[in-house]
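Below you will find the structure I want to go over with you.
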Amino acid sequence: MLEQTVQIVSNERDTDSYFRLVVRTPRIAPLIQPGQFAHIRVLPLKDALLRRPFSIFQVSGDTFSILYKTVGQGTEVIARMQAGEELSVIAPLGHGFTVPKRGGETPLLVAGGYGMAAMYLLAQRSPQKGIVFVGGRRRVDILCEKEFQALGWDVRVTTEDGSHGKKGLVTQPLIAELKRSTKGRKLFACGPTGMLKAVGKIADDFKVPAELSMDEHMCCGVGVCLTCVIPVKTADGPRRAEAHEREGGWEYQRTCTEGPVFEAKEIVWEVTK
Amino acid sequence: MLEQTVQIVSNERDTDSYFRLVVRTPRIAPLIQPGQFAHIRVLPLKDALLRRPFSIFQVSGDTFSILYKTVGQGTEVIARMQAGEELSVIAPLGHGFTVPKRGGETPLLVAGGYGMAAMYLLAQRSPQKGIVFVGGRRRVDILCEKEFQALGWDVRVTTEDGSHGKKGLVTQPLIAELKRSTKGRKLFACGPTGMLKAVGKIADDFKVPAELSMDEHMCCGVGVCLTCVIPVKTADGPRRAEAHEREGGWEYQRTCTEGPVFEAKEIVWEVTK
Amino acid sequence: MNLSVQIGKLTLQNPVMVASGTFGYGVEYAQLLDLNQLGAVVVKGIRLHPVRGNPTPRTAEVTSGMLNAIGLQGPGVDGFIKKYWPFLKKLKVPAIINIWGKTVDEYAEVARRFDALGGVGALELNVSCPNIKEGGAQFGTDVKRLKQVVAACRKITELPLITKLSPNVVSIAPYALAAEEAGSDALAVTNSYPAMAIDIETRKPKLANGTGGLTGPCIKPIAIKLVWEAAKVVKIPIIGMGGIQNAADAIEFMMAGATAVAVGTANFYEPQTTLQVIAGLREFMQQHGLKDVREITGSVQTAK
Amino acid sequence: MNLSVQIGKLTLQNPVMVASGTFGYGVEYAQLLDLNQLGAVVVKGIRLHPVRGNPTPRTAEVTSGMLNAIGLQGPGVDGFIKKYWPFLKKLKVPAIINIWGKTVDEYAEVARRFDALGGVGALELNVSCPNIKEGGAQFGTDVKRLKQVVAACRKITELPLITKLSPNVVSIAPYALAAEEAGSDALAVTNSYPAMAIDIETRKPKLANGTGGLTGPCIKPIAIKLVWEAAKVVKIPIIGMGGIQNAADAIEFMMAGATAVAVGTANFYEPQTTLQVIAGLREFMQQHGLKDVREITGSVQTAK
């Protein structure tokens, strides 16, 4: 974890409202693991002070890149920034994915929207190839199909409107694939919370392990503010908490520190919003 | 008085920390009178919301310009803006100078620092030429000597450090000139409050009329907030105010509306800070 | 699409007014915008006699807001009627007069004078100016005295009465209730918040008065909460204000419980704000299929 | 050049600390800055038992600030001692423990535990969390109960006691005095301000808790005034906080009357803020020929 003011190398539109931003960070780039994120302060923002978290998409030499979607003031301001302008970055942050081992479990990656960013770095770093399921509402939400293919992965595309790949939800081909076989397979997912929840349920139904990268609002990004918590199962040990604090056998853990990647079976979905 | 978002035509350093900014305002430019000001919203400012007042320096066709000194966040941000960028302007505002009539009183202009801006427009619009006393701390504070000369005015320069013109305060050659003669002469001044106060006293001592452009902090610039008031003598008429409100026979008037130009003899200097 | 709302017996063509002290007496802005588009024009606070106000500097810029300690400078009732009323009474939209006094009797006397004048839209009782000892905080932070002021004015006039509450209280609920019980037709929530800024180079407060009132976008979250709390306990309409810059801000106040809103500090830096808020409100209603602006009021979904 | 200040019997090498709840338990930021450069490390509020805290969303961004309603999640005294104390006790700078309870007895018990622990720099009594019913507002806005809490802790321990006051009062003076009289060695002024934000698209409050505490640069002018008012009535040192982003802000608090300052929200967006404040403070002292940082405290020149 380092803090640096970094220069933008390039910042280009990918499709529609998705952009790719490359920054130069010689000291940070080598430290990055798949599933980790960068906490970015958008310096030109006017009266919005907080940093914004983005998964790290690619690492190349002394640069890393993010793949972002414009959704609000921060991302919209980033989208207007140009090469040479500066951002403040704290990275790498968080507990990332367990990188599949050669000859180990076959990774099935499930990615929705900007979730493809984190999945790409995982695929790239994984010596064990597998299948990647990418889904989105429309064709423009499918972001790095060619890049996954170039890595030699089997890419299954779905769009809700059928404008690209199969029509439907990303979980449909995933279920089909798991019906074929679950043996030695492990799920990795990043995307909208609804999708993660569905993948969590599928993992449970098919009894396959799954690692999910959770998307919670963040403030500090480093574990001090307790903004980004999600309910995680806890062993009901000899804790001295008052009874109502122990109900349900879970505690809040930090997405920015214990996560963003959690094992699906640890998450207490009933308690999440 | 109009509000317009205007484009910067040019924005260049004059000397040291003084800059000249030209904006295109076809509807506003023709309305401007000497001594009036523009109330400018520096749109790129981050969390500073208020407009900043600047005297109008020159009017040319459908543009006007200001001559400004970088003193704080607003002026510093303006100084970094470039042609084509936008500012929001409310102008022309305020009650300006009485433009000398041909064959009327001889105008003696007294200007310090950015006060030269307002004085220049007055000199330019005045059919009756006269003398302009310009003063500053150093050579770089003398801003439009050549331009005053080009108008055919007699320019008397003083600097406190003697780096240009006579060494001393701008009021010294003024006093010398008034000692020579006061007849048919009228003072017009714009500059730091200390200088205005001195000019007010000189006018009183020599019994010559004087119009002073007062520099008060402003907020709305149009007369609604009552930020910019200075104490002005009032006839002690049958006002129903409580006694302490009438003491001294003065009331607060608005620099942005009744001013910025006031007759020196109306100002109650004892009450000003 | 209905934008009109009721403040007591007063009908406003739309819920967007200006905040007292930020719009002079209306006439000053007449060149920059069409006042007849507003819900109402609210004038600077007036007491019986002319008031000189505080020494300068009277305002200071702070992060996303400003401080003021004007000290309620004003022409007094007579001066106002002579100088500003002829313009205001010709407007098609109601003029709301913000009044104050140093005693309960003075409030009542000012109310009587404006009642007698005829044509006034409503009276707003300013019991919350942070820059005045008597007449400000002493009424606004004392439930009993607040009640006395409202009741005294209520006895004098049938004009709609708006009580403008102070944010500087532990809980706004008892004050809101007190004003309602004493006969106020509406509440204005909220006035500026007591605050201070120091120039570290001169070591002097940035305001000659030492302290002043904080206003602008920086106080919006505080004001939203006060409106929400007041709306939970009273039935009378609330005029929400504090940092409104755009339609989204206005809608936020309305969802929290405001029937109408007032734009204050934003007038200073963007005189078109009120008109932009009205346009944005219409657009929001269109986008969300709302036929009546009153559907927005209090529509926040809270657990408690 | 002397930068050291006293908080009761505790000596700080410089007056710049962090604000409770914005710096975790210190260890989290250890990779980003050298904690031993700080005046003190103040930890997140701890009660006797572990606390789960509020549902999410727990924070929201607002103009020049943020809202939070964390609900004082924490590991409890035992969890803290086990998990975080081994790191903190090795620091060269004092660790100040922010404590709270639901009853006076619980405050006292937590104080007893930390007294017994040994090596604690000071205890900060949080009687002002806006997001907790019992333990927060109920002590912070009631002079009598405030006094009870402070007195109970005072009886238990000789550790320096800092009482952290609520800004949500009509006047802070009686609370400041009450804390001083009950034996507090210092005051922390101020906690976050009750506030709210609503998402107008979902019509839900931006915080799951409905309301939360406003912090960041937006509240600085309010906090400056509270420090100034408290400093007028007490002799004990004040730790000023609320929106400090840079040395100028810190100096403003000190001129208003603070002996030390704490950086809160700014840590989240700029973790180096404390170090920048310390460097800027030195620079200011140099520029102004000050030999002792204590010359700054209370040096504002006000008429009254």
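In order of appearance the chains are A, B, C and D, and numbering begins at 1 in each one.
Methods note: a residue touches a chain if its C-beta (ideal position, glycine included) is under 8 Å from a C-beta of that chain, and two chains touch if they have at least 3 such contacts.
On a predicted model such as this, the values are computed, not experimentally measured, just so you know.
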**OP:** Select, from A-D and A-B, the pair of chains that is joined by more C-beta pairs in contact.
**Re:** A-D
Subject >> Farthest chain (mean CA position) relative to chain C >> reply: A
Subject >> Separation of chain A from chain D, taking each centre as the mean of its C-alpha atoms, in whole Å >> reply: 35
Original post:
Centre to centre, by mean C-alpha position, how many angstrom separate chain C and chain D?
Top reply: 34
**OP:** Round to the nearest whole Å and give the separation of the Cα centres of chain A and chain C.
**Re:** 47
Subject >> Whole-Å separation of chain centres (CA-atom averages), chain A against chain B >> reply: 59
Original post:
In chain D, what residues contact two or more other chains?
Top reply: 63-65, 208, 217
Subject >> Residues of chain B whose C-beta touches two or more other chains >> reply: 47
Original post:
Which of the residues in chain B end up touching chain A in this complex?
Top reply: 45-47
Original post:
Along chain C, where are the residues that touch chain B in the complex?
Top reply: 21-24, 28-29, 31-32, 44, 48-53, 55-61, 63-66, 68, 70, 73, 76, 78, 208, 216-217, 265, 267-272
Original post:
Can you name the residues of chain C that touch chain D in the complex?
Top reply: 62-65, 67, 141, 168-170, 193-198, 200, 203-205, 208, 210-211, 214, 217-222, 224-225, 228, 243, 248, 251-252, 255-256, 284, 299-304
Subject >> Complex contact set, residues of chain A against chain D >> reply: 1-3, 41, 47-51, 88, 90, 216-217, 219-230, 239-242, 245, 251-252, 257, 271, 273
